[in-house]
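Please find the structures below.
Presented sequentially are two complexes of subunit A, the first with subunit B as partner and the second with subunit C.
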Partner chain A sequence: MTLTARGLTLSVEGVDHLRDITLDLRPGRIYTVIGRTLAGKSSLLRVLAGLQRVDAGTLTQDGTDLLQVPVWRRDTAMVYQQFINYPHLNVFDNVAFPLRRAKLSGEQVRLRATESLAKVGLSDFHARKPSQLSGGQQQRVALARALARRCKTLLLDEPLVNLDYKLREQLREEFRELFSGVGDSVVVYTTTETTEAMMLGDEVIVMHEGRIVQTGTPAEVFDAPATTTVAQIINEPPMNIIPGTVTGGRMRLNDLGAVDLPAHLAGLPDGPCQFGLRATDLSLSSSEGLRGDVTFVEISGSETFVHVVIADIPMVVQLEGIHDVSLGDAVLVTIRSDRLFAFSAQGDLLVAPSEQGGR
Partner chain B sequence: MSRAYLTFKYAFIAVWASFVAGPFVWALTTSFKDANGVQGGATYLPWVDYKPTTRGWQDIFGGEGGVNVIQPFLNSLQITVLASAISLVLGSLAAYGLSRYTYRIGRMKNADIVFFFVSQRIMPPIVLVIPFFFLLQFAGLLDSIPGLVIVTVALLLPIAVWVMVDFFNNIPREIDEMAMLDGCHPFAAFVRTILPNSLPGITVAAMFCAVFGWNDFFFAFRLTFTEVQTLPQAVVALNSSIPPWWTLSAASLFGISPLVLLAVWVERYLSRGNLAGAVR
Partner chain C sequence: MAQLELLDVGHCYVPGEGEDRWALKPLTVTFEAGKTYALVGPSGCGKTTLLNILSGLVSPTRGRVLFDGADMTRRSTRERNIAQVFQFPVIYTSMTVYQNLAFPLECRNWDSRRIDAKVRTVAEALGLGDRLKEPARKLNADDKQLISLGRGLVRDDVAALLMDEPLTVIDPQLKFSLRRRIREISEQFRPTVIYVTHDQYEAMSFVEELLVMKDGQVMQQGTPEELFESPRSAYVGYFIGSPSMNFLDVTQDGSGVWLAGQRLAMSWQPPAARVPAEASGAGAAQAGVLQAGIRPEYVRLASAPGPNTFPARLQAVRDHGPLRVLHVEIGGQRLALKLAREAGVPHGDTLLVELPRAKVLPYVGGQLATVVAG
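This part shows the complex of A and B:
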């Protein structure tokens, strides 16, 4: 029942949406596709669903060439980022719609729809029209309809993006529970949010400009991002990337002074390279460090994000708690050099810091 | 809201309403008059100004010296209902196609094709009537109800397509896609999810069709002779050298009444509210 994609390529009016997508999606596992807006995530889902033709490539499941199977025979459910329900049907009939199309018996339809609505917490809303529900409830209806079908493939296209923050967190928690019951379906979930991708995914697929740039378990991708791009996509705030050079066992960050390479980077060859550092691995100091100017301060409540420019390089420092830093302040920034990632000048990962409770 | 504004507002509405309703009131009172009641100048109050009589109404239902409007009424009804139904079925399918798929005829794209449909109505009818005459003659359908139905469909279809393309364009495509993912063939998706959510649009289109179909005088006048007479023709036929105003008024009111009833009945389907909540 593995869903196998080989070399899927799609371009629309000269713009490449998918480039050579090759994937094996195994049943019973949840795949989160993370990437920035326009990375090709939605295109990928639309192709997997059969809503979009491809220019090249193959897509097979159970030995069937899915590209030859029209959408309505695919056995694929999808949840859109907009809350798409049938406006003329009430909540129960919305969920029952695909079951009735599949010619299930009336009793089966009733059981499955009721069960599915109970799972998403809408047992008391059977008779409402979608327009009489809040946004979060509407998305629950869409989700219940998708779950009730027990499809081979369940696709979710940024299902939480249009919800407010609190609701998003709440539904994200529930998703883990809901997906654990999908048995042998392939679940593909796209998102732009690191937390969502990490929390929900058994495997994370990182997309950038229509390509898959890395796949792996959340820990693998987080601990060893294959490129600087992945490192920036997978970290929130994005990983700080600092150009530098290595000469004779010493490193130089941009045009700051040279220092000895930290132990884990000892084997680095001479030449230009890039260093990566998570925002959490920078801190402010009162006595020593690199001089930087504060350009922007965000306080989320439990954390403070200080945007600084050090020697012309913009960086983000993430601090616990609320700190009194204001725009234009000159600050001293210390970096944990044992947490440095090293990338080649082209951006490929050379060395990642060993993982010691890193996250 | 100042008092002066409110006074002005309601005065304006009252003047406008009487301007619109005036002719109908006039026709209604006239239809209950006879020659004496009409010739003495404007009179309005029954039993005070003039002596009401039902002669005009008797005349149009086969009374002596009048006309029988029943058969023309049935003819008009058949033509309007059939032509509207055909136009709505063909029109909604065409409109759905134009709304959801991309077509190209030479250099014309979807929007141009839609405009091409509407442009059929920009031409003056007199240009169309001559070819229609020869076509119907060729098919042996002159002076027949099927002939008039075909011609009326040709007149109504552009309106139906135009109204409904716009309406379908406002229904998110994701609903069709969802229906297909949920196991509907594209045609089933259209019938089961798009049509039920287009009731207001279909109602508007149906209303247009009914009004234009029912009121057509020109084509019926040119394309029929003795066998088939439509209601507008029957009304106009009363217009002799000394028109019997009371009969004419009664026939006019009788001719208008189906559309008025239809408008009242249909009004409830015109709200767009149902679609709210389809998409955030």
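This part shows the complex of A and C:
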């Protein structure tokens, strides 16, 4: 039941949406597709769903050429960013509708719809109309309808993006439980958020400008991003990338003074390269460090992202907790050189700092 | 820019309704001149009602609205001299960027030299300095929204700048730069800003103080750091921060506070709990039960038993990238804690967690128990 894509290519009005997409999506696994807006994530889902034709490539499942199967005959369910429900039907009938159309017995329809609504926590809402529900509840109805069909393929296109922060936090936790019950389905879930991609995916697919730029387990991708582009996409805030040079066992970050290479980078060849540093590996100090000027401060969840400029290099420092830092303040920034990533001048990963306990 | 005061202001949309059901329950708030504030909370919390009372679109059922001490309660929106930015950009599409910014000043009969200087200063701050001659209709959504904002800023006589979810239509990728712009501009021009949003983190990213609202009430007013460090209610502990603050039911007797059969020291001694613990969870909060609140950021893994250290059972590990969130159980109660990625995943199901005393706050009935004056 593996869903196999080979060389899927799509361009619309001269703009490449998908370039040579080759993938094996195995049943019982959850794939999170992460990428910036317009990376091709939604196009990929639409092609997998049969809502979009391709210019080239093949898509097969169980030996069937899916590109020849019309959308209504494919065994695929999709959940969208917008909460799409039938406004005139109550919650139960919204979930039951595709089951009835698939000619399931009345008893089967009742069982499956009831079970599916229980899973998403809407057992007490069968008789409500979608308009009487909150956004989070409406998205749960859409999800229940998708789950009830027990399709071979379940596609979710940034399903949490239109919900407020606390609901996203709650639902992404619930999704893990819900997806663990989908058995042999292939689940593909698109997102722009690191946390969702890392938490929900058995495998992460990183997309950029219509291409797949890396696939692997969340830990593989996070701990060893193949390129600076992947490193910036998979980290929120994006990984700090600093141009530098290596000369005779010493390194220089941009215009800063040369220092000895940290132990894990000892084998780096001489020449220009790029260093990467996660925002969590920089911190503010009251006594020592590089002088930086604060240009902006953002709060995300329980973290404070302090944007600083150090020797003309913009960098982001991530602080645990919420702190009042003023714009224009001069701060001292310490960097964890034992946590530096090294990339080639072209942006390919050379060395990543070692990680413990990845899973 | 003016200081805005609400004195015992409340509002109900249905005449004769009991006060407990008012859209905005009577409150007194002062918005200081030149400071930035955000009203945050879920839909229906009363934040838009409060904003509309300030702008004059809603006349409050009771109370008074003062601008720099002058009573504005019955004055029209026009008389209040405020600037507003809405969810959707409101601009004149037939005009250029320059004309859009100059228009509010021409309406006030400023002389053209003064208008020109002001428009150029503001356009520079908005990053639109070299696009003044472009027709406004050709701009993208976020630049249009910047112009809406700029039209408020050119009038330096306005009492306040009121913004209602101004980033709703902005592409997520552009939100960051626009947010940064608005913050920079407000630091430069120091307007009094009241900003309404449902996104607590967006608000925290550029205002000096937040008013967290729920059910028509202000639950807490404070800086982002204050709301995070000492939420006055369990609700604020939940609403601010991710994951939310942990709340654990504890018991209290003459000798101290107890959690799972062990002594728990808190940052200050709570007043004696009045209700014995029968209920738990949300029920406990309502019943006036004593709870210990601690942020997941402050819970630590310990290697040896010690003060405020408790055996815990590991329930789940969530990989968030740079850190992992561990869900553990202490005496049947769930607790979340954050662990740096490089610490790895703990071996085995049994852990020791430390709740540092300085970070454990006492809550009675869901409210932060006040420090008993010595």
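The definition used in the following text is that the second predicted complex is superposed on the first by the 348 of 359 C-alpha atoms of A that agree within 3 Å, B and C clash if a C-alpha of one lies under 4 Å from a C-alpha of the other, contacts with A are read in each partner's own complex, and residues count from 1 in each chain.
Convention: a residue touches a chain if its C-beta (ideal position, glycine included) is under 8 Å from a C-beta of that chain, and two chains touch if they have at least 3 such contacts.
In this text the structure is predicted, and so the values were computed from the model without any measurement.
**Student:** Pick one for A:286: touches subunit B only (first), subunit C only (second), both, or neither.
**Tutor:** neither
**Student:** With the two complexes superposed on chain A, say which partner A:145 touches: subunit B (first), subunit C (second), both, or neither.
**Tutor:** first
**Student:** Quick check for you: in the superposed arrangement, does A:78 touch first (subunit B), second (subunit C), both or neither?
**Tutor:** In the superposition, A:78 touches subunit B alone.
**Student:** A:165 contacts which: subunit B (first), subunit C (second), both, neither?
**Tutor:** second
**Student:** Who touches more of subunit A, subunit B or subunit C?
**Tutor:** More residues of subunit A are touched by C.
**Student:** Just to be sure I read the superposition right, which of the two partners does A:129 touch: subunit B = first, subunit C = second, or both, or neither?
**Tutor:** The answer is first: A:129 touches subunit B but not subunit C.
**Student:** With the two structures laid over each other on chain A, which partner does A:234 touch: subunit B (first), subunit C (second), both, or neither?
**Tutor:** second
**Student:** Classify the contacts of A:194 with the two partner chains as first (subunit B alone), second (subunit C alone), both, or neither.
**Tutor:** It touches subunit C, and subunit B stays clear.
**Student:** Just to be sure I follow: which residues of subunit A are touched by subunit B in one complex and then by subunit C in the other one?
**Tutor:** Common interface on subunit A, subunit B vs subunit C: nothing in common.
**Student:** Of all residues in subunit C, which touch subunit A in the complex?
**Tutor:** 42, 171-173, 176, 179-180, 183-184, 187, 198-201, 204-205, 223-225, 227-229, 238-244, 295-297, 317-323, 338, 340-345
**Student:** Under the touch definition given earlier, write down the residues of subunit A that touch subunit C in their complex.
**Tutor:** 36-37, 161, 164-166, 169, 173, 192, 194-195, 198-199, 218-219, 222, 234-236, 278-280, 295-302, 318, 320-324, 327-328, 339, 355-359
**Student:** Of all residues in subunit B, which touch subunit A in the complex?
**Tutor:** Subunit B residues touching subunit A: 172, 174-175, 177-186, 188-189, 193, 196-197, 273-280.
**Student:** Looking at the complex, which residues from subunit A come into contact with subunit B?
**Tutor:** 49, 51, 70-74, 76-78, 80, 82-88, 97-98, 101-102, 129-133, 135, 138, 145, 149, 162
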